[in-house]
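Shown next, in structure tokens, is the structure this report addresses.
Chains here go by letter, A, B, C, D, E and F, matching the order in which they are written, and residues are numbered from 1 within each.
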Amino acid sequence: MSKKTINIPLGSQHISLLEPVRFKFECENEKIITVDSDVGFVHRGIERACTTKFKFDAIGYVVARVCGLCAITHSLSYTAAIEKLLGGEITAKSKYLRILLLELDRIHSHMLCLSHTCENAGFEAMFMRIMGDRELVMEIQELLTGNRIQFDYISIGGVNRDISSEISKKIIANLYEVKQRALGYMDEFTNNWSLSLKFKGIGALSLDDAYMLNAIGPLARASGLNIDVRNEIEYLPFDEVGFKMQTHRDGDINARNLVRLNEIINSIEMCNNILEGLPEGAIFTKLKGKPKGEAVIRFEAPRGELMYYVKGNGTAMLERVRIKTPTFSCIPAFSHIFVGENYADAPAILASFDPCLSCTAK
Amino acid sequence: MSIYSTLIAAPLLFAVLVFVGTRRVRDVLSAIFIVILGALSLSNIFSFNAPLEMSLPETFHVLFILIDVAVLAYFLWQGALLKHAYVIFFALVQILLYGAVMFLSPSIVSGDIFVDDISAVMLLVINIVGGIIIVYALEYIENEEFTSLKKNGFIAMLFFFLAVMNFIVCTNNIEIFFLLFELTTLCSYILIAYRGDALSRKNALQALWMNQIGGIAILAALIFSILQYDTVYFDVLIANSNPLYLLPIVLLAIAAFVKGASIPFDKWLLGAMVAPTPVSAILHSATMVKIAPYLMLKLAPAMSGFVSLTITLIGTFVFFSASLLALSKDYFKEILGLSTIALLGLMMALAAIGTPEAVTACLVLIVFHAISKALLFLQAGILEKNFHLKYVDDINGLVNHAPLVVFFIVIGFASLTLPPFGAFIAKFMAIESIAGEIIHNPLYAFALIFLALGSVFLTLLYFKVVTKLFAKDADVKSRHVEISKFYTIPSFLLVFLLLIGMYISFERAFLSSLEIVVPLVLIALIPALFSLLLFKKAHRVKEYNCGEKDDIQLSMYYFHMPRRVQITLTILATLGMWILLLGTIV
Amino acid sequence: MKKIKVSLEDITNEIQGFYDYKKWHFLTLNGLALEDNKLEVQWIFSKYEALDEIVIYYAEIEYKDIIASIVDIIPSAIISQRELVDMFGVQVEGSSKGLYLDEDSLQAPLSGCSI
Amino acid sequence: MFNLKKYRKKSPWILHYNAGSCNGCDIEILASLAPKYDLERFGVVNTGNPKQSDIFLVTGPVTLRSRERLVELYMQMPEPKVVVAVGSCSCTGGVFRDMYNVEDGVDRYIPVDVYIPGCAVSPELIIDGLVQGLEILEQKTKEMEKPLKLFKESTCEEGIVNRRDTALKVGKIDEKN
Amino acid sequence: MFTSLIKAFTNLFKKPQTIDYPLTPILKDKEYRGLIEYGEASCIYCLKCEKACPPGSILFVPVENPPENEKNKKGLQYHYNPYLCIYCGECVRACPKPDEALWQSNKKPSIAIKSDKVNEDWFVLEKLKKEE
Amino acid sequence: MIEILLIVCAPLIGGLIYGLERKMRARMQNRQGPPLLQPFYDMWKLIDKQAFIINPYHTILGMMHFISLWMVVAFIILGENLLYVIFLHLLSSIFLILAGFSVKSIYSHIGSNRELLAILAYEPILIMLGVGFFILNGSFDISVIRENSPALASLFLLFLAFLMLIPIKLKKSPFDASEAHQEIVGGVEIEFSGVFFEFLYMAKWLEYIFIYLLLMLFAGDNILLGTGLFAIVFFLVNLVDNATARIKMSHLLKIVLGIGLTLGMCNLIGLSYV
């Protein structure tokens, strides 16, 4: 008798995906029993280019293009590593502004993820609603940095633009609005019966598995694992601006959504605190010299921990730039979660990881 | 009269004649016999005007008693030989009961032979469809590895079967009916055990003991009938039946359920699959199981509200649950088998309703089910013999190699579900008649639900199979396999019968002409468009596969039916039977 | 940041002894091309809920050496190992090539010996 | 009123493929489908299915692994079709130009009709590009207009557009500098 | 679910969020990072911008009739490829004479079509540059 | 005469309804949305496109789906037997399913599979609906049903059950798993292109007509009520579409069959007591 399984491909081109990644699910009826994945479609060779093609001061703009979604975290991590190697101290104001943009980016990225999860769960109206509201954040990002996605806001020694009081007012106003909307989604995610059918208990990762598979970011926090790099570094004053770790116990899609929503709300608070207590001073300190030595820098990108290992040898060309991105670390966990789920849920589960393969493959 | 005696006697004669001469001679002779039988049954239906009733001479009765005793003794012997406790036990019970019947002497007598239009229709089905299957069997059996004597015996057995069936639909005497009932049991026993291996033997014995339960029920019915109504004749029994003393009727109905392999007696029919495919074909379509709805139709006028309702509910429930169970199967013949069981349930339910509309529906269903099932079983045989395929999972993309077989299978399944075919019309009328009953008794609403769900399950089932056939590659060069003419001609004949049936339903105005013509045109349009080869020149591309190149692996949904579902359904059906029995006694 | 040098043979034992999956978090594997055709392989760990506690185990190896796999201890290391194989052209036990690179791509782009 | 030509260009269905971008432009495509920019005003539907699409939006500089898929998808789109390169990196390679695993822009593999610059492109630019694409689409439809275009002789053997082999051939058109 | 229902219902009677873009133009903020513009007269041909540009979308290539500028000793001409530019603004930050020689305007780049030969022309320049 | 006209125009009316719906959905999602005539623009465009085919079976079966659906609509307009119409509609769905299975495309197969399961969910309810009308009017003939007084009150539970199957047939949330763009890229229709997709696209419009004509039967001879019913249900269905996610096939079966059959049963039993 023949085998009773079917192979369902998801990707590399598929409507539920924004980027090429290929999953091949072996399914019984529609129940997934094994997963085979290919994540290397987006490999461009950035790590090598950073050591052969670009001088160290341009790399900040290059690594931002590792990924458009946490571009800011990438350039921030890289710059921080270089600043560490150069040994200069930057002003408090520029640190605050960096956090501001980092958190704005987190808000828009989380909103994108939520809306994409809803779209993949077949809830088009919710997708439209969140994407519509996301424009509020995009607007202020554009005001602040001059572009909607690739901010190119951070350079070695500080930030590129100052913030004016009008912008600051606008930010506060828009974020207030976003917070109200976020509370609205919270209600929707908990109370809509069709969303509960799609999200509750689906794609769950247990705490122990999260530990075992070294999950990070919202994925791990939704399973109750306390890991948030903002809690583990002293480079930027996250405590001062009111960072609070958000966790959940269930580990399913719903938990991930709620963690993201809570983080949005927490980030909004942080932004407000930053704008209230913004120190006076310059936004840029000129740092001299060429990087020498090695540095490991980690930051919390919207999707989890991002790590840069930079090694310089005192010339303008670096010796090694190692980028360890959040999705990269989560891939073992992804495959694990898919097994046993229904194919019908696969796109939504995938979106709820908020995967970004452009950084995975670099 | 002469027609009926010929119809009964001739096949007996043919059964002997097939042993004469070479294969060639046998084939030609059989073909001629079949044409004769078909012609007789046809002429009968055209010349038929009034029910005919007559008696047989006393010598026959003595002969019948002797045969009866011999058959029962044979069962006992087989049981003892093969050490099967059930068989021995039921044979003994039957012998005892039969003895009891012999001692009772009923006083009201009537004709032994009774032919009405229902019988006429049955004769038609038995002889024509059965005949076509025998033609097919002529070739089929040659592809088996048996001695020629055994092969001829096979054909002879089929003819004998026809004779018994022809007799059974003409008899009015319950004693004779019992004898013939036992004879069909005997026939099926021998045919199922035909291959002679362990599995065949086991299944044959299973069929034997289950069918013996039916025999016991008939004997019990006989005893009660004699005690209560003082008769052994159907017509008297039915005419005099008192709604308070329906026990004989109900017992006969239970015998019908046994023959119709209704759940919980379904195992024997499924076990019969081990026999050569023509046996399954003939059992499922023209003979044996059709005794069930026939008997039910005969009894219907005698049924009171309770009995008729319960039988309807049981029948529709069987329809529902057998189709549900079939969903989880992937052995092609087993699927066909369960769908037969389901449809038999429906036929019996319709018969039990007993309104003229329901009776017509039942008859239409009997006829078309016979044709379609025969067609499908023939294809199952071809698949096994020519393609070595048994499981629906393996028939993926058959259209690439055997478009003709696929055509037959599709027609077969379509004719069981879709307009404008006969079986569809029957289902249609079934819904109408049940809907009519709901007005009187809301409990019929359950029957309706079972019917609706069951027919959807069946559709699902059929198209689950059909769809497998179609997965055609964009570029594979097809490989055609030659199929013997002996296989295709019977199939074409059956398709032709379907068309005639359609014409008749058109004549009889079961549906309006528009309602017949439109779907027919629709269905006919497909091959027409095809043959135009309109799309030869259009651009062809590969299937979308997310831009990937790896081959995809296809497989159907399968429905995992937990064992407890199966058990629950069986228990419920059994419960229904007991309610029926006890309800009548009380 | 603590760097601990280990030899290639000891690496699984060292990590086995050190790694407590509820305390430590495996970050990634990193390769670093050194002079004279050597490669430094680093296993980077960080501690949960501690301020910047990072431990790096490293070993200096030749390109032809076969690196032991730590997947039995840390299942999630599989992907980093595959990346290492691709980017440096070394061999890691049980890790296949082709995570990122196709047949006709530049092979072992970070190995330092490629042009 | 029944001027076919007038309506033809109002229904561009899009197919989006990411050939190695940084997601920036992809997100902007998503954003332009969202309420603020609402591409559906122009009849745009994101079908995700090459066989029913008219406009092929490609982002990213075309990595080695995605080039075959890119061509495959292009081949599966029926004529008339318009390819739009979204973002600097799909126009010319952008910041990834000359990296070892990229092919520097979509037009090395498939003919591009519209180039939208920007990093990331803003939704307004995507709309501009689409409007431009619509015009080209209309032109192409006109050129195609001959009787029985449906049954136009196929160009490939056995009537089947074969993907991979052709894919690599197309790639040879422009030698890299 | 009811909040969604109500939301959908009220949206029906609200003005949609959509900006009818090509009809209603969207004005870019003056700080928007758009096209890089070049003031030839003020340029001192230090080529800092060319070196700073990550994708290499500014090229100074020797031509036959170079722009007349006393600083232009090698006879170079400025070329800029908006389809390669990533709008990072690094060139402007590198330029010793920002706002005069090189600045980032808030203009949107324009759409190109096939006949614009976005790549072919640039290949030529890049080749020239390499030969130099 | 008017019937013939209606039959001929049925797809066009369906297209209009579809256009209206797209517009309405957009507005419910706070965006401007496509023009009302967008479906027709799509149609013109599809005619102009080059058509690819996978294999002739697939193409022909797809066309048959459209034609047979049109017949179904014609039969309803002509006032034929309701039960028959329901089964003919089944035939048309079967065509579509066969088409889906006739190509070696996994999404198409999954779509067809789901379509089959969807039939399992709605067909019994449709049959019960037919029986309900029969009990009420003593006939399955649609023309008779149309002449009698509104059945809405006496068939109210069946009406509710019918409401549940509208989203299934019209592929609307929450019961649109058989089309499910984000999972299986449209399922059955995935391999159609050009004019051949056009047939499927227009079949979708006909499906609207089919469903809403059935809906109007509840209003009997009261045209005003019928129109009102249409407007309200149309609105309601879209509202729900915009407030729910797509649920899985297994949930769909449980919910629709469970609730639908119970409602239908209660109604039928109730009817026979009255």
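The working rule: a contact is a pair of C-beta atoms (placed from the backbone, for glycine too) under 8 Å apart; a residue touches a chain by one contact, two chains touch by 3 or more.
Since we're looking at a predicted model, the values are computed, not measured.
Undergrad: By that same contact rule, can you tell me which chains touch chain A and chain E alike?
TA: Intersection of chain A and chain E contact lists gives D, F.
Undergrad: Sort the other chains by how far their Cα centres are from that of chain A and give me the top one.
TA: B
Undergrad: Any idea whether A-D or A-C has more C-beta pairs in contact?
TA: Greater number of contacting C-beta pairs: A-D.
Undergrad: Relative to chain F, which chain has the most distant C-alpha mean position?
TA: Result for the farthest chain: C.
Undergrad: Mind checking the centre-to-centre distance between chain E and chain F? Centres are C-alpha means, answer in whole Å.
TA: Chain E and chain F have C-alpha centres separated by 52 Å.
Undergrad: List the centre-to-centre spacing of chain B and chain D in whole Å, with centres computed as mean CA coordinates.
TA: Spacing between the chain centres: roughly 60 Å.
Undergrad: Just the number, please: Cα centre separation of chain D and chain F in whole Å.
TA: Their C-alpha centroids are separated by 34 Å.
Undergrad: If you average the CA atoms of chain B and of chain C, how far apart do the two points sit, in angstrom?
TA: Their C-alpha centroids are separated by 70 Å.
Undergrad: Name the residues of chain B that each touch 2 or more other chains.
TA: Within chain B, the residues that touch at least two other chains are 474, 538-542, 544-545, 547-548, 552, 554, 557.
Undergrad: Can you list the chain F residues in contact with two or more other chains?
TA: 26, 28-33, 50-52, 106, 109, 181, 185, 190-191, 242-244
Undergrad: Give me the residue numbers in chain A that touch at least two other chains, ranges are fine.
TA: 6-7, 9, 12-16, 40, 43, 45, 48, 61-62, 65, 125-126, 128-129, 132, 135, 147, 150, 192-194, 361
Undergrad: Can you check the complex and tell me which residues of chain E touch chain F?
TA: Spelled out, the residues of chain E in touch with chain F are 1-2, 4-5, 7-9, 11-12, 14, 16-18, 20.
Undergrad: Show which residues of chain A lie in contact with chain C when the two form their complex.
TA: Residue positions touching the partner: 39-40, 43, 45, 47-48, 211-214, 216, 225-227, 231-234, 296, 298, 305, 307, 309, 311, 319-320, 322, 324, 328-329, 331-333, 361.
Undergrad: Using the touch rule from the top, collect the residues of chain D that touch chain A in their complex.
TA: Touch residues, chain D against chain A: 15-28, 30-31, 33-36, 46-49, 60-61, 63-66, 69, 73, 89, 94-96, 98-102, 119-120, 122.
Undergrad: Note which residues of chain C are touching chain A in the complex, please.
TA: 1, 21-22, 25-28, 30, 32-33, 42, 44, 46, 48-54, 56, 74-76, 78-80, 83, 87, 98-101, 106, 109-110
Undergrad: Once bound in the complex, which stretches of chain F touch chain D?
TA: 22, 26, 29-35, 37-38, 40-42, 44-45, 47-52, 181, 185-186, 190-195, 197
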